[in-house]
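Shared chain: subunit A. Partners: subunit B in the first complex, subunit C in the second.
Moving on to the complex of A and B:
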């Protein structure tokens, strides 16, 4: 493990980039029209989903194709409580609205605990397939249970309180929640627990020899990732004004995978950057053509073939190469001084 | 022939080549919109029409003709000057992928970015319910013409939505009327239901079983079978139906799934053993399955062109679509209903004397409009157009290269016979909106 001081130094460019990104996010509602504010909100929510997915993929080394199930569970938990707390005239107060948001993460965490209990017994492709199977199972339950979830219809009428109906205000609420969530995630990934995750990613057998309870740590990470996905889902319902079973489906999970691959799984904020690229590209491409699946498929293909570390992975590589050249040059100069 | 006329003809000819690719069609409509030859001297602001239909996902095959046909119909309307003779319609298409969250996102994009004045769409009822939340919030006119869950005009009612196709209750009611007659004639006592496991399927099934129990209490449902959207193998369902040995079967199946089921069931000889009255067999099914569809089978349609050949609007519509897409390319039910929606928009603007949303909403309330299906009136309390459903026997006509419904077997069930009886009942279902 790295000691704290060099680690902080190594993280400095990333930290500066995060601050710049945050500043840019703060400015989004100042753009003319409401459209880009809405796109910005989507970037943040789906970015949080992708970040939570990366706790499993980038830090624990396991790919889940059923991660959106927890996004959907969070969305449905919020939608159901939201509907129950609405007054007879269809409106909802701010406290009730915030309370409905709070219920998303714990419900998703409970779901993740149950699913994770089975999934963490496997690794690699078996982990991926089992997570996919559970994801589809949850999707089908929500899709079919009409009396409880409204089935394929989904739940409509999730209009937030008047103040948050303004896209700018909802955006800033989302930004605040996502920033806090990312800070907590950062803290987790930089804690001893986070480094245990990296160890499990790199060599599970060695971790077990070191006395680490592999399954327990994997399960804890699975639940944490599920809870953050649930938080993203909780924000999605009132943003979209409705929820539907598709939120739990494998295609939604695929979006988190795409975003992570585009942004870079090896960098903490990679998935958020992936969300910026994916969501903005989608918004723009769909204005001109229906061939969005072809477009994103081509992009993913190019990324996997030529930029396997994602956009931020490439940037990080360039920075390290530059730092290496500078230190080599410095070393050479120092050497010549000595001569 | 002027240069503009040649340009117009070229565009129409080009459209013949396009399949479902609306892009070229939309561009054509846009080009025509910009052609000065067609713009009146008192040209007003363009009227932006967002079209939300799937070109991917289940239902894409049903929407293909709508997507390629709407730009042609719009181009023709624009040739007359557009809405009120001065507002050229600019069509902006988006693919909903038959997913509610995508539909809601694209509705927001159309409203906030493209600033559309109205939205036409969509195919799936679940998507329609999701976009209703967006259109109600932003007070945008919405014409639904395919998605037909009764919730769209009742439980999830918004004054901005107008419905141009018979709702799920009306359709299942129409099947009940037809089946009750057949059950009495053939002595049928039992049936098995097979449905798509989603809102429309459940809603249609519920409407059918409830209504049939009222008019033919001695006819019992012995088994329900539900399958997931996008099912590709119906073998187990078909064998289960055969094993149950019902007198007939009821189906709540649409889209690609209907096509797949009909093909597989036909091959396995299901329809020779179990009559299947009331399965949705629209014109596109009749065209696509012209060789395999069992003759004598009883189908249900929403807007079959052959039922209204005497209507001048239908005649003109058929003529134009055949000219644009080929002599065999008759409009299907879905394209027909969206054509009526476009006509409704034109007539609504004319009645209102304005293209403002509020004015059109007010003008169409309880209004009677001219459609492919004759003069039809919007129900005051739900904005549901008073349109019939059609039940008939699949039959080879000498006049068409595909089967149609045999004219003397076709039962046209009018809306008032089968829709939610009173406005008081409809109002009771409506949810409160903040």
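Moving on to the complex of A and C:
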């Protein structure tokens, strides 16, 4: 009886916040002009990438600097099938378009299976470095295999069907797909598997002595995270009308890391909130100055130094502290503050 | 009674140091025994060898008729051998209940279930283990913030959640108050008596050893020096010289 109640109470603000966030996302295309709709689409796609990264970082406790490789693999898989399916005049039907989106996640998952096979043998900085090395390796293959990938020219002309050429309609398509993806991810993080991930984050040796095959579970999670990154990548190509090797590179991976740190890795929707902050800030700052890297560098510095739990981590702390005060002085309450 | 564990000719060395030398050891089902010996005698190493954490250089470990030598820890754990660590090894950012629940899920082979709802699976078993270990009042606390004695109790709870048939406890009462130590060992006795759980523990407190073990094994410098009932070991001259002398004047 006592078991579920406090947890539900703790989840309630999170759920309310998610609903408010969704309502705000639904309203974005009503803003005048197309600018914020386009920015909103970018927020959603990169937010999904960051959310998939956080399955590794926040839940499994391993940091990957090569996660965008699977974003890029998904983007290229979709772009190639898209190009093959479109008619000579450059147009594509809705079924063919949707089919080309579907191919992104499985291709990225296969890539993640191969890369993950090696990465899950390591932890900590070694895991991070190996993921970076594989990311750069895949980037370089795409960059130099001109006959297959068109090298650094990238693949152009990914014009979606007429209906989805309207930024508002593409935005709502993206929103629908991202919301479904996040619901699935939520289920996974709240499943027994999701909690096994947390045990691996906290103490791998202990988990092994409970009968958990550590590497196999890490690999499964790596593949799941890769598939969601691939889904984000699939949405990217038709959105920007092209794909290029840079999508697989370490800078793109770094964006997922930044977003997660800004929003908060310890809260489920932290990375997507991080994406809202990062992408909007970028859009605004770039209007006034070319010093975007300097700006974001400073922000990350401040976050890491003063708000290590990210923006949502800070909010969660405040809520818990208030709940602690409200529920009278009923004994010492651990877990209210301090990490 | 049949032997549940049979160890023959076990060897392990780190570089030139032999930490386990020609150890022959066996346990019968339902037995409760202790390994004693000075610091560095090889007690923890021995447990690490039995549970697959270290690889043996030579020898054989058979559990319930199955060869488990040099199998990985998760494989050994799935056969029914569980362990609790000397320095409590828990999932510190998860709550007490989540710690035990995930151990229950692992035992129920639910660790790969990605669409089940964790909070609704294995609830009964989780509650049973928590109350068995006297932790039901602390179930929603974050494990890393527990007092030392409670951490050790959670350590034991996690080990029990795996429904083991053979349980290794490495200094189960280290860091506990006298009262906590007493109730923990009473629990161990009860598990052994009522559930026929075979228990092997190490312990420095000779009062606990002589009260709770029916068989003793004294290790010294990686070798077994004496084996027998508490009375036999107490009376043994070598045991007196090597270890007991300093503890039991």
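Throughout what follows, the second predicted complex is superposed on the first by the 321 of 339 C-alpha atoms of A that agree within 3 Å, B and C clash if a C-alpha of one lies under 4 Å from a C-alpha of the other, contacts with A are read in each partner's own complex, and residues count from 1 in each chain.
Rule of thumb we're sticking to: contacts are C-beta pairs under 8 Å (C-beta built on N, C-alpha and C of every residue); 3 or more make two chains touch, one makes a residue touch a chain.
Source: prediction; values computed, not measured.
*Asks:* After lining up the shared chain so the two structures overlap, which partner does A:144 touch, if you call subunit B first and subunit C second: first, second, both or neither?
*Replies:* First partner only.
*Asks:* Using the superposition on chain A described above, determine whether A:38 touches subunit B (first), subunit C (second), both, or neither.
*Replies:* Only subunit B is touched by A:38; subunit C is not.
*Asks:* So in the superposed three-chain picture, is A:69 touching just subunit B, just subunit C, both, or none of them (first/second/both/neither)?
*Replies:* After superposition on chain A, A:69 lies in contact with neither partner.
*Asks:* For A:311 in the superposed arrangement: first (subunit B), second (subunit C), both or neither?
*Replies:* So A:311 meets neither subunit B nor subunit C here.
*Asks:* So, A:92: does it touch subunit B (first), subunit C (second), both, or neither?
*Replies:* A:92 contacts subunit B only, not subunit C.
*Asks:* Should A:242 be classified as contacting the first partner (subunit B), the second (subunit C), both, or neither?
*Replies:* first
*Asks:* By the touch definition at the top of the document, which applies to A:156: first (subunit B), second (subunit C), both, or neither?
*Replies:* In the superposed model, A:156 contacts subunit B only, not subunit C.
*Asks:* Which of the residues in subunit A end up touching subunit B in this complex?
*Replies:* Against subunit B, subunit A makes touches at 33-35, 38, 42, 86, 88-92, 140, 143-144, 146, 151-154, 156-159, 165, 240-242, 244, 246-247, 251, 283, 286-287, 289-290, 292-293.
*Asks:* Using the touch definition from the top, list the residues of subunit C that touch subunit A in their complex.
*Replies:* By the definition above, subunit C touches subunit A via 51, 53, 72-74, 77-78, 82-83, 85, 89-95, 97-99, 101-103, 105-107, 110-119, 121, 123, 127, 139-142, 145-146, 158, 161-162.
*Asks:* Which residues of subunit A touch subunit C in the complex?
*Replies:* So the residues of subunit A touching subunit C come out as 2-4, 6-7, 187-188, 190-196, 198-199, 201-203, 205-214, 217, 220, 224, 334-335.
*Asks:* Could you please specify the touching residues of subunit B with respect to subunit A in the complex?
*Replies:* 22-23, 55-56, 93-95, 99-101, 104-106, 108-109, 112-114, 125-126, 129-130, 132-134, 137, 149, 151, 156, 197-200, 202, 226, 228-229, 431-434
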